[in-house]
Each structure stands twice: as C-alpha cells, then as structure tokens.
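Just so it is clear, A, B and C label the chains in written order, and each chain counts residues from 1 on its own.
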Amino acid sequence: MKLQDYIDHLDKLAFENMYGSDFFLTWEKSDDEIAATFLVADALRHLRQSNTSTRIFDSGLAISQFRDNSTRTRFSFASACNMLGLEVQDLDEEKSQIAHGETIRETSNMISFMADVIGIRDDMYIGKGNEYMRMVADAVQEGWEDGLLEQRPSLINLQCDIDHPTQCMADMLHIIHHFGGTKNLKGKKLAMSWAYSPSYGKPLSVPQGVIGLMTRMGMDVVLAHPEGYEVMANVEDVAIRNSKASGGSFQKTSSMKEAFSGADIVYPKSWAPYAAMEERTLLYEKRDFEGIGELEKSLLAKNAVHKDWECTEDMMALTRDKSALYMHCLPADISGVSCVQGEVASSVFDRYRIPLYKQAGYKPYIIAAMIFLSKIKDPQKTLLTMRDRKLKRFFD
Amino acid sequence: MKLQDYIDHLDKLAFENMYGSDFFLTWEKSDDEIAATFLVADALRHLRQSNTSTRIFDSGLAISQFRDNSTRTRFSFASACNMLGLEVQDLDEEKSQIAHGETIRETSNMISFMADVIGIRDDMYIGKGNEYMRMVADAVQEGWEDGLLEQRPSLINLQCDIDHPTQCMADMLHIIHHFGGTKNLKGKKLAMSWAYSPSYGKPLSVPQGVIGLMTRMGMDVVLAHPEGYEVMANVEDVAIRNSKASGGSFQKTSSMKEAFSGADIVYPKSWAPYAAMEERTLLYEKRDFEGIGELEKSLLAKNAVHKDWECTEDMMALTRDKSALYMHCLPADISGVSCVQGEVASSVFDRYRIPLYKQAGYKPYIIAAMIFLSKIKDPQKTLLTMRDRKLKRFFD
Amino acid sequence: MKLQDYIDHLDKLAFENMYGSDFFLTWEKSDDEIAATFLVADALRHLRQSNTSTRIFDSGLAISQFRDNSTRTRFSFASACNMLGLEVQDLDEEKSQIAHGETIRETSNMISFMADVIGIRDDMYIGKGNEYMRMVADAVQEGWEDGLLEQRPSLINLQCDIDHPTQCMADMLHIIHHFGGTKNLKGKKLAMSWAYSPSYGKPLSVPQGVIGLMTRMGMDVVLAHPEGYEVMANVEDVAIRNSKASGGSFQKTSSMKEAFSGADIVYPKSWAPYAAMEERTLLYEKRDFEGIGELEKSLLAKNAVHKDWECTEDMMALTRDKSALYMHCLPADISGVSCVQGEVASSVFDRYRIPLYKQAGYKPYIIAAMIFLSKIKDPQKTLLTMRDRKLKRFFD
C-alpha cells in the first residue's frame, strides 16, 4: 500500500472527536475511531519503514507512570514518543514528593507544564486504576481550562484494572493483518480462554480488553474459564452489545475444549478471579496482610485444580485445520521453560514465536497512532506533509 | 507584549557577566541580571506559546543530580532542558561508582565530557549543599581550563542549604505579574512566615531565598517565626542590605498576626530551626543516630507548641482587603487534607489553588532563562533569530 | 588536521565488514577496523569541536543494560548516543517483567522494535557476560531476519568478563595521541601491572583488554602480577599472537619492578585471580553464600600479602626518564585518599590527573565511532556530508 491508500481510507471515516481526547477504554471509541487508529498506526509504520521522519514535535515531554512492572509497554511507549519527537520523563513515585500527601490534582498539574502526553499503567487494584487515570485527566483538563497549562496533555491508558487498550488494539491489528483485512474476520471464531499458571493474581485487563474489542468485528468470540474465574460483568455486557451490533456472537463456556473446537484464533492466558481481586483490594485498603496471605493461599489451591487448562498440542489439534492463530500478550508461562507447568506447551509456543513477536511489534505504532490522533487536527494532511517534507529518520 | 518589547527592555540592562556563569545564589547577581532573567523567562514563554521552537541545542546533555526527593523541580529542570534541546541524564549515586571513594573533582569531570548544564539539588545538610555545588563548579572549570572538557557546563542550583533560586525567582516572577510589574511593588508588604507542620526538618532554603530576593524590590518584607526558628544570620544581613538599597524595609517579628496585618502577600511555610539543622548535620557526620533520634523528638515537641501558626481564614482576614496573595512552594501541609493540622486551612488553600499552580508554572521558564543567559553570548539576537527562523515546536 | 585528512586515511583502510556488525572483542576486529575506529572517533570529535552537528538519527532509541554499577561508561554511552541523535532507554531489570522467567530471546526482541543500538555491561561472572551479549545479538539477528525488527540493533560491549573494548580503545587512542601517532609506538614498553587494592574481585576485563589490544601496535607489552593472579589463558594467547604479528613482544613477570623498569607506559591496577572468579561464579550458581564468604575472606588475605604492589614514586622512578605515562581506567584506589593503602600513591595520581581525565574523555567518541561504523555504509561520504550540511550543534 502507498501512503495515499491509508489517506483514502481515512477520508471515509468520522474520527474528528479523537482530536484532543484521551484513550481510556476501546468501547468508548466509535468503530470509525478504532478503524482510524489502525490506519494511522499502519501509515506511521509505512513512513518509518521508508526511512521518513515521523516527528511532529521539535521538543516536548511525555510523562510515563508505571505503577507496576513493565518491559513491553514501557519500551513501546518510549518508542512511540520518540518517533513523534517527545522525550519520556518517568514519574517515579519513590523519588518524588508524592509521599508527602500531595493530591493527585496537584501532582498532575505540576508534572504537566510542558507535557504533551501522559501514559499510565495502574492495573493492580480493582476499581482503582481506571479511576486514577480519569482523576489525572480531569486534573489536567481543569489546569488547562484555568490557563495553568499551555497544552492539554493527552492521557493514554497503558493498562488499568478494566482494559488494556494498547495491548488489545495491537492484538487486533495483528489479527487484521494475519487474515488479510477486517473484511475477512466475519464469522471467524476467537477463543479467549483462561489458562493455568503457577502464579495467581494476573490482571483481568487483557481478557476483558479482548472481549470488549474483538466482538466488534463480526467474529464469534467465546470466553472460556473454570467456574469462579469470572471477569467484570459490565465488560461482558459490552461484549454482548458489541457482538449484536457487529453481527457476530459472544458466548461463554467453562470448557477449554469447547472454546478451542474449530477456533480460528486462540488466546489462552491466566487471570485472577474478579471477585478475589476485589477482595484483595479491600484487604489492601485495610492493610490486612494476614488476610491477603490467606487469600493468596486459597487462590493458589483453587488454581492448582485447573492444571489441565493448558494450551497443549492436543488442544491446538481441536482448532480449525489444527492451526488456529495462537496469541498471547507475553510473557507467557511456558511449561518446561519458565515454569514446570503453565499456560502453554513449549512446542506450541515455539511454533508461534514469530507471529507472537509480530503481535507485540504493533504496540509502539498503536500508541503512536493514539497520540497522533489526539494531537493532530487534520491527520491526513499531516501524514502527507510528513511524506513530502523529505526529512529522513536515519541520515546515512 | 511582543518579542521586541522584551528585547527593548533587555537592551537597557547590563547582564553580560551572566554569559558563562553559574547560578548559585540570587544575591550574587546584580539587579540588572535578575531583571534580565525574568525578561528572558517571559520571552521564552512568549515564543513557546506562539508554537515557536526554543531549541538552541541540536544535541547535548544536561546532568541532574537530586540528593533529595523532587517532583516539581525535577520536571521543571527536564522541561527547561528539553525546550532548549538538551537531554537530561540523571546521576543516580546508587547506580554509579561514586561509592568507591571517588573524588568530587573526578566524578564532575567524568560526567561532563558532553554536558552543557549541571543541575544539583542538595539541601539536606547545613554548610554542605552549596559547598558541594561550588566544588563541582570549580572542578569543571578546572577541567575546562585544562582542555579536558569541550565546553564548560553551567551549574544551576536546584536548591541548596542556603538558597532555592529557581523557586524564589519563579515566586518573584509570579508576584511581578500578579501586581502588574515591578514598578507596582514599591511599598507592598510581604510576610514570609513560619507555619506549623506535623513534620519537622524542612529546608530553610525557601524562607532564606525569599528574604534574600524579595527585599530587592522596594517591598516591606517581614520575617515571622516563633523564637528558636531563626534562619541563617548572614542571609538576614543580605536582606537588610537589600532593603536599604531598594528603598524597602526588612523586619522581624515573632507574631504571625503582626506579619499578616495589612500584608499584600503572605508566604506561610514550615522550616526547621537553623541551629537544630546544624546540630543534625554534626550528628550525621558522627553517625550518632541515637542523637539524631533524640533531636527529632525534641524538635517535634518544640514544633507542637506552635500549632497556632496556621494560615487560617482568620489570619487571612488580617491582610490587606482580606485578600493578600497567598503563596507556597508546594506541596503544602493542608489541614484536614494532607495532615490533621498543618500550615494552611483547606479553605484558604483551595481559594488560591489557581494562583499557586500558576506560581509553580514559572519554574521551567526561570530555569530555561538561567541556562540561556549562561550559554548565549547575545541573548537579544538569539531570541530574534529564534522568532525569525520559523521553526515550530509542534508541527501540526 | 582537517576533516579531509581523516577521510584520506580512511580511504586507505578496509573496514567495510564493520557495517552491520557488533563490537564484542577488539581481537575480532582487523587492524584496519581498529584503525578506522580511531579515525572516526577523532573525526567526530573534530566535527563536534567545530560546533558541527554529528546527528545521523532524527529519532531512534539506544538501549542500555547495566548489570553492574557504572558512571563513566554510562555517561559515555549516553553522550555517544545523544551526539548521534539517539535517545537512551535503560532496561532496568528490576522494573521490568524479566523476573517472570522470560527468555533472553524474547526480551531482546521486545525492547528492540525501534532500537538502533544495544549497549550492555555484564562483567560480574566469568563465562557469562560475553555469552549473554552474544545471545542478545543472536536473538535480534534472528528477529531481524524473521522480519520482526525494522532494523538490526548493533550490540556494543560496554564491558564483559573477557574484554572492555570501549575502555581499552579509549586507552589506546590516548596513547596514540600522547606519543604523536601509531608510528611512534614501535618498541615502546608498556607495563600492565597488577596493583594492591583493599577490595578484591575487580573485573579482569581491563588487563585482558589491554594485553589483547596493545600488543597489536608493535609495543613491548609486559603483564606483571603476583603468582596466583593469572588472567584468562586464551587472552594471553591472543596477546602472544598479536605481538608476533605486530613485531612487538609480550612477556610476563611476577615482579612489578621488572615491569616498570624502563617502561614508557604503566597501567597498575587491581584485579581478581581468574581461577577465584571462576570459583565464585560456580558458588553463585549453587547459591552457596557461605562458600562465597569464605572465598572472599581468603582472597582478601591473599591480597593483603601484596601491599607492596603499589605505584609509588619509587616505582615511577624506575620508568623511562622517570616519567612514564601513568594510566588507569578510573576510579583508582589512591593511597590516603580513597583508602589507607591502594593501587597508587596520591602524589603520582595527582601529577597525572590531567592525562588520566583526558584518557577517559576519549570513551564517548570511541563508542560513537563504533556505532557510526556499524550503522553507516559509506562513512567517509557521511562525514563529509555532515561537514557540508552546515548544521550547528549549538545554535548561538
């Protein structure tokens, strides 16, 4: 494709509301807005691959705040900001004065005088992460309206308790390219399945993000998990609404086999039960560390019952033509590699290593597209100007 | 104002000695140099707000060293360096080899081969922070004279035991704009007052910096604190000299009410007694941690007697037209918000939130102006060239 | 020299294999490649000193991974990347998800989607550091061949268990300039000598790197150490081969005095015995911390016997004209300064402070040259274009 092709597609979409907006949850964005994000991600990749500078900032800061460990998303955010010309400045709460009891409103403004973007990961506690991001966004909105900030930094959700939009959008773009376009996804079966892990307490944001987004493409999405591993009910409602609107379906099962049978895409991954995570959040609030210890013990015991929820070769053999697209947000718990028994058999994982890494490779561009669409008033024009200004990324 | 207006003002001032100089203490700078810093800060803001690139560096490093926690100053320094085109590289003593007993002279040169700026916060120990900065500055001066460094990095004091110039200059610029220019400050009453905090041991650099700078503007500056909370005597001497030269006054009182009565500006803030901080420094040198524990206990007890030193609504009612400009370097200890009882009533703080955040917003530009004036030989010419080269900060 | 002089020299050398290559060990590079690295380092310095921008990247990331503390190399790497236009993003294993048991292959690709360079320091365990770097390099090579990475990041060895090429190349360039060119090095005597330090366990990479590189210049290289402080045998083999090929010599002695006698260059420095470091690596693998404690004790006792291995004035008096060039990679253990008794007398160190700092100052340019030669297909042409595009580093 040429850059003009992406432009022509964009011309048919209505996404002007993305200008100046934040990116919290995919289901707050219209179908056109989601489509525009994919197109801009691809267009930016197209430009960079042809050694064209994609900088839209001569100077400016991007603030990152990671309240949980991160490798992929940290480097994806850094890459996205760097390719647009922003320098990442990390807000490390341990080295800041936030401990003094400073309010979120205050800190948010204090770090934003020259910030164009704020990216936040806050996925540890149910009911907290997304709320925190919105408080930050409200604070800088107010600061901007009050004339305190020279620009309104755009907030990008780098994973919260509800959704993981940069991950799931990258996942979706991978699927789109794998199957040769959105038009080919109608009727494809996707199995978002729980899988066993020797750890417990992994975030719910990926399974929730996946059913919240992938149900929009006319696919038959199946959510599979053992009893007691429910995700948030209101995200399931989103999935139901989406599937109806897109002409696909959303179903639940407590059988991994059923989910895998005839599936075109499988996404087996461990997560913690929603109710347990909610309980843990309350225990943390009470600083009841004994209670947390007991909860962990019971969760691990509960987990251990479901060691058969593993993406083995036998499971893969149930999928369409025995060759469904295997997906994972990484890192995966690979049996015999990173743990004794885990989410996936090493032979399966190894066979899909290249597509898995490719899947991850979309994230920098997805983040860059989110920022681009939030910052640029006329994206088509700016993309063309980028092409025509003849500025190389790498001068050799 | 147009950019030319700032240029015209600058043309009337003598500040050529700032070229190649460091910024340690405001009282080492002439009135013209202080005025030039404010003008350049405003001019840089003017350029950035009109989406003009303020980069003077194509590449180059700015080194930061924070020996105490920081949010505002850290992000202000990062913003200032970024808008001038420098990348911040933090010297984290824990991750470096400084622990090996390396000398300050050596480390200073080792990090400076490509450094254009060094910003240091070192405010913990009396008689140490400012001294440390001067040792670093001397070391890089020597390294430059010996031909080891290709450029002489400029040192910016990001808070020491004596002064907090980037804070107090931002405070002053806020006052200047609030009252419509330096010319309107003559005879205005400013109360720099101690206030109660449940913590103890806050640096003296802000009250000292305030009386050392604000006495230069013809204002009536009152320093108020309970007995035993004296600041450094030689900074008081600076304040006395300044007030005489500027036609203002400098007075001391041990009554918060007296200080607030008829004040146009109030700056209530906790700090530790100078003598106690000196004692603590000696105890740290001896590694007498038991002694430090006892000192802390006695300081907290001493503090607790002065809980009435709070900026309440009643206190504010004593000020001119009951509406003095309330100032704080942030974060403040807000009663009922960040502590049970603290420096300021929450209703007062809330009413002044916007001016307080605006006050903080001057700091990036003050730091950028300090760097700019140290690096640029003909600032007026460079500012005009910046305007005329038509390089946008944000390309949309 | 003019830029054209560097170009003329480069024109006579064959170094096209450096394009797209990594830099692991100096002895994997041909004499022409080593010479080209020095020329490009000098040419880049020439350009920067004449205020010419040396950026070849408009945007892009350089990944650093420091598995050991670092000041000099950290800032040198940051400087080198910055002057070429790359932003450093540090891979901090504590803040990443590597602990989850993620494979090196996976992490290497995950951080490299937009990485042009990866610099790694991994010098702690014998048989591990260099191996780790090669695993990372293999992983990104595979990722690039599989179409996962848009560019193949070049790997730069920032110190491993075998060699410290950025240090030793900087050392060598210092020697070349000190003696007025490579042509004057023939027959010069260089003493790479063990020296006493109150600590133990310093890496072997510097003495090994020195004998592996400096034997290529026709010099008479002497390696001196007490019995039991042997370096890796295969690096000694490299030194023997090199010295034969270059017409110099490589000898060993257990007498510091013998090594210093008539030496033109002395490099006295502590290191740990190879065999002991190998033992320590095995103990760490077994997590035998008691064993490590005992090993440390015995090493310190063994060390203490050799306190006379100090670079004193008496020792220096044995050297040619009593004024050999004293070298050290820094920080040195200076007797009476950073320790009671150490590697060097303070009067000796002080007299050589300026050349020592100069020595360190070559490292940023050496690293930049390594990156440049790996990335740029026609270095001479690019250097000339840099000169002629009239882009200033610092716009004043």
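Everything below uses one rule, namely that contacts are C-beta pairs under 8 Å (C-beta built on N, C-alpha and C of every residue); 3 or more make two chains touch, one makes a residue touch a chain.
Please read all numbers here as calculations on a predicted model, not as lab measurements.
Trainee: Taking all residue numbers at the chain B/chain C interface, are over half used by both copies (same) or under half (different)?
Mentor: At the contact between chain B and chain C, which are copies of one sequence, the residues are largely different (under half shared).
Trainee: What rotation angle superposes the Cα atoms of chain A onto chain C, in degrees to the nearest 5?
Mentor: Fitting chain A to chain C on C-alpha atoms yields 120 degrees.
Trainee: So the centre of each chain is just the mean of its C-alpha atoms; given that, what is the distance between chain B and chain C in Å?
Mentor: 41
Trainee: Return the residues of chain C touching two or more other chains; collapse runs of consecutive numbers into ranges.
Mentor: In chain C, the residues touching two or more other chains are 55, 87.
Trainee: Can you check the complex and tell me which residues of chain B touch chain A?
Mentor: Counting only chain B, the residues touching chain A are 48-49, 53-55, 66, 69-72, 74-76, 78-79, 82-83, 85, 87-88, 330-331, 333, 337-339, 354, 357-358, 360-361, 363-364, 391-396.
Trainee: Going by the contact rule set out above, which residues of chain A touch chain B in the complex?
Mentor: Contacts found on chain A: 55-61, 63, 87, 89, 91, 95-103, 106-107, 109-111, 113-114, 116, 143, 146-150, 375-378, 382, 385.
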